[in-house]
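These are the structures, in structure tokens.
Here come two complexes built around subunit A, the first alongside subunit B, the second alongside subunit C.
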Partner chain A sequence: MKAETVAVGGLGIGMAAGRYSQGRRRMVVGAIMLAAALGALGLASLAIGDEALRTNLPARHLPPSWQHPFGTDWLGRDMLARTLEGLWLSLRIGLAASLAGTAIAAAAGLSAALYGRTADRIIGWLADLFLSLPHLVTLILIAFVCGGGLQGIMIGVALTHWPSLARLIRAEALQLRSADFVHASRRLGRSRWWILSRHLLPHLLPQLMTGFLLMFPHAILHEAAITFIGLGLPPDQPAIGIILSESMRYLNAGMWWLALFPGLALLLLVRSFDRLGEAARAVWSPRRSHH
Partner chain B sequence: MEKLSFSALLRFVLLKLARLGLLLAAVSAAAFALVSYSPIDPVQAYIGADVMRVGAEQRAAIAAYWGLDEPPLARFFRWASALAGGDMGTSLIYRQPVADVIGERFWGSLLLMAAAWLLSGVIGFTAGIVAAMNRGRLVDRIVRWYCCTLASTPSFWLAMLFLMVFGVWLGWFPVGLAVPAGALAAEVDWLDRLRHLALPALTLSAVGIAPVALHTREKLLDVLDSDYILFARSRGESGIRLVRRHGLKAALLPALTLQFAGFSELFGGAVLAEQVFSYPGLGRAAVEAGVRGDVPLLMGIVLFSALFVFTGNLLADIMTRLIDPRVRERGMPK
Partner chain C sequence: MALMEAAGLGFCYGGQDWLFRELSLSVEEGEVVGLSGPSGSGKSTLAKVLAGYDKPIVGEVKLDGLPIPERGAHPVQLVLQHPERAVNPRWRIRRILMEGGTPDAALIEALGITEDWLGRWPSELSGGELQRICIARALSPAAVKVLIADEMTAMLDAITQSGLWRTVLRYAEHRRMGLLVISHDEQLLRRICTRRLKWDELVRCARAQ
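Presenting the complex of A and B:
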């Protein structure tokens, strides 16, 4: 699904920019590979079932082997299976949170640009307010307020990540608002909503999608951090942060595989999304200077 | 150099103070409103494990003692007026004034953050310069690869790796805490403190390198593309001398600004690093306050972190004004 939307967006915007075709091809290939990896991850987490996650005490604390490539934990559960499950959960939380964050950013940025000075001031001030606290402190506060759980993490991550994208959208929308075709539409008596949906949103779509793609890895990292701290999910929902925080207790005993592989998997996932986001930005906003 | 007039300076200070006051007022109001809607019962948080031994009447007495039986608005005004007088309330889990807890713990965190801040700034700036001077070559690619990878690394995982490699395997550094376990405060010497500081600070700085290095690289590349560099090159200048004479100052300002503006990330990173290394700083206190429902301490830390981030931004602002003549003349009229 993701690869498709990305490819369509690339075709739409790329018409004017032939010389970016190489970057675009790289992006599409990257997107397809990532989508395939995600599909495999989803399928794997469906296929794993309870068998691999069941307590199996004779097989506890096994270092990596062919049978258990990531080793087993203190209950004899297969770490590969747990890692895949955890990644899948983190991925879904990150997706929901960054979609919400992008939506907030779009709404805030557009309102700031279109609904007059007062709205602009208020939204700018709100953005400053959210930037005035370290992300992690805001996350702790919101997770505490929501009493832990999925909801708190998603709300927290969405609320901490919108300001910078909202500013970008606002600046872009301000420029678009004074474009000739928007003036023409307004003189023709089009409604504000019509102009918004027909003129502004299509132009802002690449920004929004890039913003989303760049927000997504951050969302996953923050989600992992907050669950690692112990403020997020209950231990029966093993997101990747929980797996890592549990492995903390066994580091002194030299069980390196409990921490190394889940973290490495998380790193790879985040890194590939980050690369996709950067590639998308390079293709969709040619203004960026050095590469 | 132009002399700063006194009235302009006064106006600057007053403006910033007003901003800070407004910010703290807004943050405390918002945070208080949020916290008062939390489903976590503060009385329960206070009682903790003694649930079975506390009856309904005692609960009511505890609620009355902490003022928890009043409506939220009344509580807010009481809390805010006490805050204005310097009293931040009493921490439920440490059983001492919040201001004391924060004051005590901040020094540990400050030491950690300062070490990481310096390290990441120096290494990041140098790496950025080297990468820009070798644009497109192997060194540049390595620096960029390193920065991008580090930007997607969960910092707490990096901390765990350091812990495993340097703490457990090699045994070079202690595994946790700020001082040897069980030692009296008077017996702890500086060397011990440094040894306990090394791994957390290293983790924190490794994370902070990436933004500075990438930013410095971009800025220096901008400069190297400019006409005056072309002119300098045509006069025969090249290499380190060229960069030192014409590029360094231009790249230093954005790097410094970024470092100061990065106080927010630094604080967040410190929370995670302290958590992994059981380092007794403000970050750990924040986590415990959140996990165990210590509302007064949480509020205190929220406000304190806002103040900390504000200070960073203020320093960045002052730095820009001091170094950049363009901003100086625009921002502070005589």
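Presenting the complex of A and C:
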């Protein structure tokens, strides 16, 4: 029956369907590979333990070798172990920060759309305020006020990254709010909360997921950036930002491995989340989405 | 006293010209009122205002002489021309049908809704089938006193159309409901209505007042 429909529908429909499922397949494969890489990263960081991160002065400043694939730093610590630990820490920070950012965006976007003109104006003004400054500037201010550390970074990233997603959610919610089926639901006696949770949120879920995936690499990069300039995590935590910042002191002594491998690893991680987010956006875009 | 009475209704979309003003209209118990008029004149907007989808800028809709409460099932239910817009495309038919409560089993049967529709998605039903679901859903709350059919059967063939109307009319009579039928189909209105209204006259007598 289905094959017949496609055949009758002609070449155009068949091609569109093919491209569509190809995008979806790419996204699923990407998600599985990334999940596997993250699982391996988590396991590795658990397995490493303190042994590899201990100071070992006789083995300092070693270039990459089979024993230390990423080399060692000025305290003789294995850079592979430090990089994996750093990535794992960055991931957890990124996850928490972008989850919080997505939650703020959802709350702000929905409130702007559903709670009248005053709420809309206030939230719009706040969004403009955060968008008008470069993220990093606001982030530095917030992290500084919070006294640096893990908490400061997470609050900072969450507070700076919500506006663009909130705008998207607001626009979608405004459109949904005036949809016939939402009106009908209300007049069949359903409460606002019921409609919000059964009609609006499920419709907005793909946008929220995409927003979250696209926010994730930003969160990690900004964490690294702010730690790099010294306002983020304390130096005893092996965050990627710390590693990169320390490596600067040794770059002119020719110790390229201190910056290259951790930097590449960060780039790879961020880029794969970015691609996954873009693929998700293409697959879940409201025009193409179906039940 | 009229079952549903709208007095001095006025509506416009966000600061534009009035679509209608000082419009008055009433529907009695057991009455089938037909309303026809040119496209784009505001009939559908009037239907949405009467059914509580939009708030009138001026005037009020009353039921049995009392204002209609904001919460709870609205006693004036609306069935629109495009059923696919009136249902959530991500819900299965069973959930859509039960949204306003459990519809009368006899009505379900009379409308020809079968068990195997219930597990499907809205896109897997035809327009006519989906419209039956919308009718059953609109009639399911016990509070419903008036049904507004805005071009309800415009996309259906003549035989399906007459079968559907027979069911709806019989059910409305059984529950002593009022019916407001908005349609371009003069023949349909002539056949089923107990009273006819023309949009131009409604608006003209409002202007004359």
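In the analysis below, the second predicted complex is superposed on the first by the 266 of 291 C-alpha atoms of A that agree within 3 Å, B and C clash if a C-alpha of one lies under 4 Å from a C-alpha of the other, contacts with A are read in each partner's own complex, and residues count from 1 in each chain.
Just so we're on the same page, contacts are C-beta pairs under 8 Å (C-beta built on N, C-alpha and C of every residue); 3 or more make two chains touch, one makes a residue touch a chain.
Since this is a predicted model, take the numbers as computed values, not measurements.
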For this session: With everything superposed onto subunit A, say whether subunit B and subunit C fit together or clash.
Result: fit
Exercise. Hey, is it subunit B or subunit C that touches more of subunit A?
Worked result: B
Problem set entry | Which of subunit B and subunit C A:181 touches, first, second, both or neither | second
For this session: Pick one for A:217: touches subunit B only (first), subunit C only (second), both, or neither.
Result: first
Exercise. Of the two partner chains, subunit B (first) and subunit C (second), which one does A:143 touch, if any: first, second, both, or neither?
Worked result: first
Exercise. Thinking of the overlay built on chain A, is A:190 touched by subunit B (first), by subunit C (second), by both, or by neither?
Worked result: second
For this session: Figure out whether A:155 sits in contact with subunit B (first) or subunit C (second), or with both, or with neither.
Result: neither
Exercise. Given the touch rule stated above, what does A:202 touch, subunit B (first), subunit C (second), both, or neither?
Worked result: second
For this session: In the overlay, answer first, second, both or neither for which of subunit B and subunit C A:44 touches.
Result: neither
For this session: Rounded to the nearest Å, state the minimum C-alpha distance from subunit B to subunit C in the superposed three-chain model.
Result: 18
Problem set entry | Common interface residues of subunit A - those touching subunit B in one complex and subunit C in the other | 290
Exercise. In the complex of these two chains, what residues of subunit A are touching subunit B?
Worked result: 128-129, 131-137, 140-147, 217, 221, 224-225, 228-231, 244, 247-248, 251-252, 254, 256, 259-260, 263, 266-267, 270-271, 273-275, 278, 289-290
Exercise. Residues of subunit A touching subunit C in their complex?
Worked result: 179-181, 183-191, 199, 202-203, 290-291
Seminar exercise, completed: The subunit B residues in contact with subunit A across the complex are 23, 26-27, 30-31, 34-35, 37-40, 135, 148-149, 151-157, 160-161, 163-164, 168-169, 175, 217-218, 221-222, 264-265, 267-268, 271-272, 275-276, 286-287, 289-291, 293, 298, 301-302, 305-306, 308-310
Problem set entry | Sites on subunit C touched by subunit A in the complex | 48, 51-53, 71-74, 77-78, 80, 82, 85-90, 99-101, 121, 123, 137-138, 140-141, 143
